[in-house]
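Presented below are the structures under discussion, each in the form of structure tokens.
Below are two complexes that have subunit A in common, paired first with subunit B and then with subunit C.
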Partner chain A sequence: MKRNFPLRRYFSNIHFAIGFYMVMTVVSLMILGFFYIPYDPNAIDIAHKLQGATTAHILGTDQLGRDIFSRVLVGTRVSLLIGILVVGFGVLIGTPLGALSGYFGGKTDEVIMKVIDTQMAFPGILLALMIIAVFGTSLQNTVLALGLMSIPRFTRIARSGFMKYRNAEFVQASRARGASHARILVLHILPNIVPELLVTASLGFASAVMSEAGLSYLGLGMQPPNPSFGKMLSEAQNYILQAWWYVLIPSVAISLLVMGFNLLGDGLQSINQQ
Partner chain B sequence: MGYYVRKILGFIVTLFLVSVITFLVFQILPGDPALVILGVDADPVQIEALQRTMHVDEPVVERYVSWVGSALHGNLGISFRYQKPVSGIIADCFSVTALLALFTLVLTILIGLPIGIWLAKHDKAKYIVPFSLVSQLGVSIPSFCMGILLISIFTVKLRWFPSLGFTPWSQNPLACIKGLFLPSFSLSLGTSAVLIRYLRVSIISEQKLDYVRTARSKGLDENTVLQRHVLRNSLIPVITIFGMLVADVLGGSIIIENVFSLPGIGKLIATSIATRDLPLIQGLVMYLACIVVVCNASVDLLYSLIDPRIRLL
Partner chain C sequence: MGKERKAILEIEHLHLDYRIGGRFCHAVHDVSLTIHSGEILALVGESGCGKTQTALACMGLQPESAHIGKGKIYFEGRELLSQSKQQWNTLRGKGISMIFQEPMTALNPLVKVGKQIEENGRNHGLGKIQARESTLSMMEKVGLPDVGRLYSCYPHQLSGGMRQRIIIAMALINDPPLLIADEPTTALDVTIQKQIMSLMKTLNKELGTAIMLISHDLGVVSHLCDYVHIMYAGTIVENGPVHMILNKPLHPYTKGLLGSIPSYGKKDQRLDSIAGIVPSLENRPQVGCQFYNRCTQRMASCKNISPHATMRDGHMVACHLYPEEA
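After this line comes the complex of A and B, so read on.
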């Protein structure tokens, strides 16, 4: 590695490096899927069901004879798309709430934080389950449910960041020059907390992928026949005796994504603290 | 005294907000709730009866007050599917989930405490990277993936554990423990990784304090210093994460009970969503959220009893 390689600071952190390669493995599978998918992921071929790895089906076939590799290629799209949408939802709603809470403090802060903290009372994916129970299963509702769940983490991080800087010298200086609150919030303070928000986004991505997999496992996420890792896992569980690899493949895919983004977030955090 | 009053008030406000959120989500059902629940081609008589029991013609605030009022009397409504009181159904399932949670917490302590202490004692650079990667693995592998992998290894291949299902403690304690071991083990991997991280940091920061140097300079050996002095103090902050772990375990059990077909709250939630049994879902959500709030509040109070300094903050 060259001495002046600009990302050296990042890649010399082992967590960041490992996480980066894990995520890139999945992302490159997704990109491959846009150009080449060996079989139609939903094409049923009962004659060749539950086959092991062969040259025709490099990851074998499932209980309906569908090609598992093709389903994995398409499944990565679902996981990554949901991750991006959920994190986007969390950032767009959570950050402004946290900004108001941290910057203005007082009663605003108390009310916002009480509502945000209440969400801690709903363990795991319970809140998402409640929303899906009411609105039904669909991609939009999954994103809505998981997005609402991801708001608190962004609010908390933004709040602590804005609180830290609200009386900083550069903020007082721009206030003295007559800058509006909006200008101070967006142009002066926000850029300072972007690194912390990136860490949170990365960790939030991991938990969104994990929760989505959990919801689809329960049959409450993406609806069949669309492939998603959680659904594949719950189908595979019934064939655990005949086809162990079928269980392993979605498990590895989910874990790779979750761990990749967790490591990426951990790595970014320790790089920020240096 | 003021500290406790503030804590208890905060706890009541949280419970109130939880009930409002749970109530409101079920009020925004699109369309006529009775029609949504019973389906478009339901019997008009049934629809009318349901509308009457749901009090749809009353204003929202009144409906909320009457819902909370009856919930406080232990009446959470009637399940559509089972035609039985929701509170009774929840009580039947709760013992399974409570036992699972208890087992998981015990396993978490059995796994997390020794490893956390060992790592703090041998705080060397060469252990840190491998440890943090392994603990990441513990946190990152979803418990349901872990559960299925454990089933395929220990139940299917090695036949060490019985296949799916649950034996009540009263029938056969040994079979009960055997049946709950794999699900609680798969849940405890994630929670013990969290416990280990906190414990390690807590012990290491405690070891830098003056009183530890004094103890060492008295000539006490390292183990005595650790056990008699450091460990006691470093466990105090760790207690706070126990409230969090209870929420983690209850949240994780929603999925893991479905993986292992345990007839607990989690399994009940999944089936009640599949059958759109709204009163049951509402009752379950409210119930679980209350347990988490109560656990967190008790951990808070316990913490202030163990470490009175916290009351000054």
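After this line comes the complex of A and C, so read on.
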């Protein structure tokens, strides 16, 4: 490992490298979207509907003549935003729960894990559907639903990490020096399980993107006319014989993100194990 | 023990049990010992004899499944076992410090060693600048070179001996009256062992810190300690000043331990070993001598009558070979 390029260790892992570039492709599309969008993504132009790639519309147009490229640029924002919020939600709630559970064990552990296990037993998408059915469709509710779904995985990972270290000798040693529980939890154990949490976050991101696309596909995520990959896909399926590219484009975007984050997570995991 | 010195730590009739299969099994049975200021006391015995459990009980760090039935521990005259968690936290690291066996794992791998030493000072009320200063001077006291650079090293960049020095520095930064060292040299190679042992001796002289040294090696202990307590299966079988124990061991177990130390005098001889192993918690006899089934000099009375401690030749021994009336 050379000192002048600390990331070499990461990029020498093929999974991490591929995943990184896949994610970066989508992220750079999103960044491009902040500065330049060729057309209003919601502008309807029936005269030019379902066109193939032209110089005017480089990815063609949809059934209402909207520019697909512009809609993809805006759609990436939604996917990434939801991914970040959902993972953030899971980390902020799941990790402390897991930490308490793993560190203190006993009754605390039992109560927390019973709740988490019950939640895990719930089919995720069903839980999301229920929340959205009750609270209505909106970005916040999508994040809430998917966020609740992502809590258990963080709790479990954090729990196993804190369990592993709660009797580690350096923890015992800092206890012998009179360190409080809070100090041990946050300063001594947490930094040691950041790698595991990162892997989980990366995988959680992929599944959040996927679930969001699924919800939008079912019409329960982003509401029209706002673009979202899942929504585009569900609209495109009616025209699959006339305009194959219209189906292909959102599918590729979703695949890039989901596969990218999965590979990233796999890569991180094998790097950690080295 | 007649010298006019202040007792730092007094353990009186400590019993520590584990509940196994609905029955209380004693890991520590009726242990009493006293450490005076500035002295080094060794607790010697094989693995599983309850040495570490005794030490952990003094720190209030015994496992949650352990149960302290009877007994009292006094530190500088204050009873420890009845104090609150808060009081424990202020005592640990300030009144009593502990160093652990394995220097590889006793340091947090992700925190700079200097910071870890400093943290202990800060936990007990030192200011930021003050803590840093005493960290650096403590690092020098334990014989580390180039302390400015080592301050910002991570544990994996240091050798085992250096790490153990860091751990000692960490334990002593608050100048505690008592240091408990749980097999501090077991994980180190022999030359480093010697260095660490003489370091501890020096610090004991310079700072006046009393040390409770836990070891399974009488050889190591002989150079360092003032008093030795030999522990077997949770009880103290023999104790006294170190030269007495070494020159005139009475208990068969002590003799066995001494017999198993290699030395020049025993060149070309086979080393003795004590047959068998320490009985596990569940299999310890309720009455009779714990050492009965491994003892070479056992008698009929050993099986059924627990031996009592008697004074003999200036030290204490618990064995039927030395009856009380003598």
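Throughout what follows, the second predicted complex is superposed on the first by the 269 of 274 C-alpha atoms of A that agree within 3 Å, B and C clash if a C-alpha of one lies under 4 Å from a C-alpha of the other, contacts with A are read in each partner's own complex, and residues count from 1 in each chain.
Everything below uses one rule, namely that a residue touches a chain if its C-beta (ideal position, glycine included) is under 8 Å from a C-beta of that chain, and two chains touch if they have at least 3 such contacts.
Predicted model, so just to flag it, every value in this text is computed and none were measured.
In the three-chain model built by superposing on subunit A, subunit B fits alongside subunit C with no clash. With both structures placed on the common chain, the touch criterion links A:178 to subunit C but leaves subunit B unconnected.
Centres of mass aside, this uses C-alpha centres: at subunit A, the angle toward subunit B and subunit C in the superposed model is 90 degrees, to the nearest 10.
In the superposed model, A:188 makes contact with subunit C only, not with subunit B. When the two structures are aligned on the shared chain, A:206 is found in touch with subunit B, with no touch to subunit C.
Of the two partner chains, subunit B is the only one that A:118 touches; subunit C does not reach it. Of the two partner chains placed by the overlay, only subunit B lies in contact with A:134; subunit C stays clear of it. When the two structures are aligned on the shared chain, A:170 is found in touch with subunit C, with no touch to subunit B.
Contacts of A:145 after superposition: neither subunit B nor subunit C is touched. Once both structures are fitted on chain A, no C-alpha atom of subunit B lies closer than 16 Å to one of subunit C. On subunit A, the positions that touch subunit B within their shared complex are 14-15, 18, 114-115, 117-118, 120-126, 129-135, 206, 210, 213-214, 217-220, 233, 236-237, 240-241, 244, 247-248, 250-251, 254-255, 258-259, 262-263, 266. Looking at the complex, you find that subunit C touches subunit A at residues 59, 61, 64, 88-94, 97-102, 105-111, 119-120, 123-124, 167, 170-171. Subunit B contributes residues 13-14, 17-18, 21-22, 25-26, 28-30, 129, 132-133, 136-137, 139-142, 144-145, 148-149, 151-152, 156, 247-248, 250-252, 254-255, 258-259, 269-270, 272-274, 276, 278, 281, 285, 288-290, 292-293, 296 to its touches with subunit A in the complex.
Subunit A contributes residues 106, 168-170, 172-180, 183, 187-188, 191-192 to its touches with subunit C in the complex.
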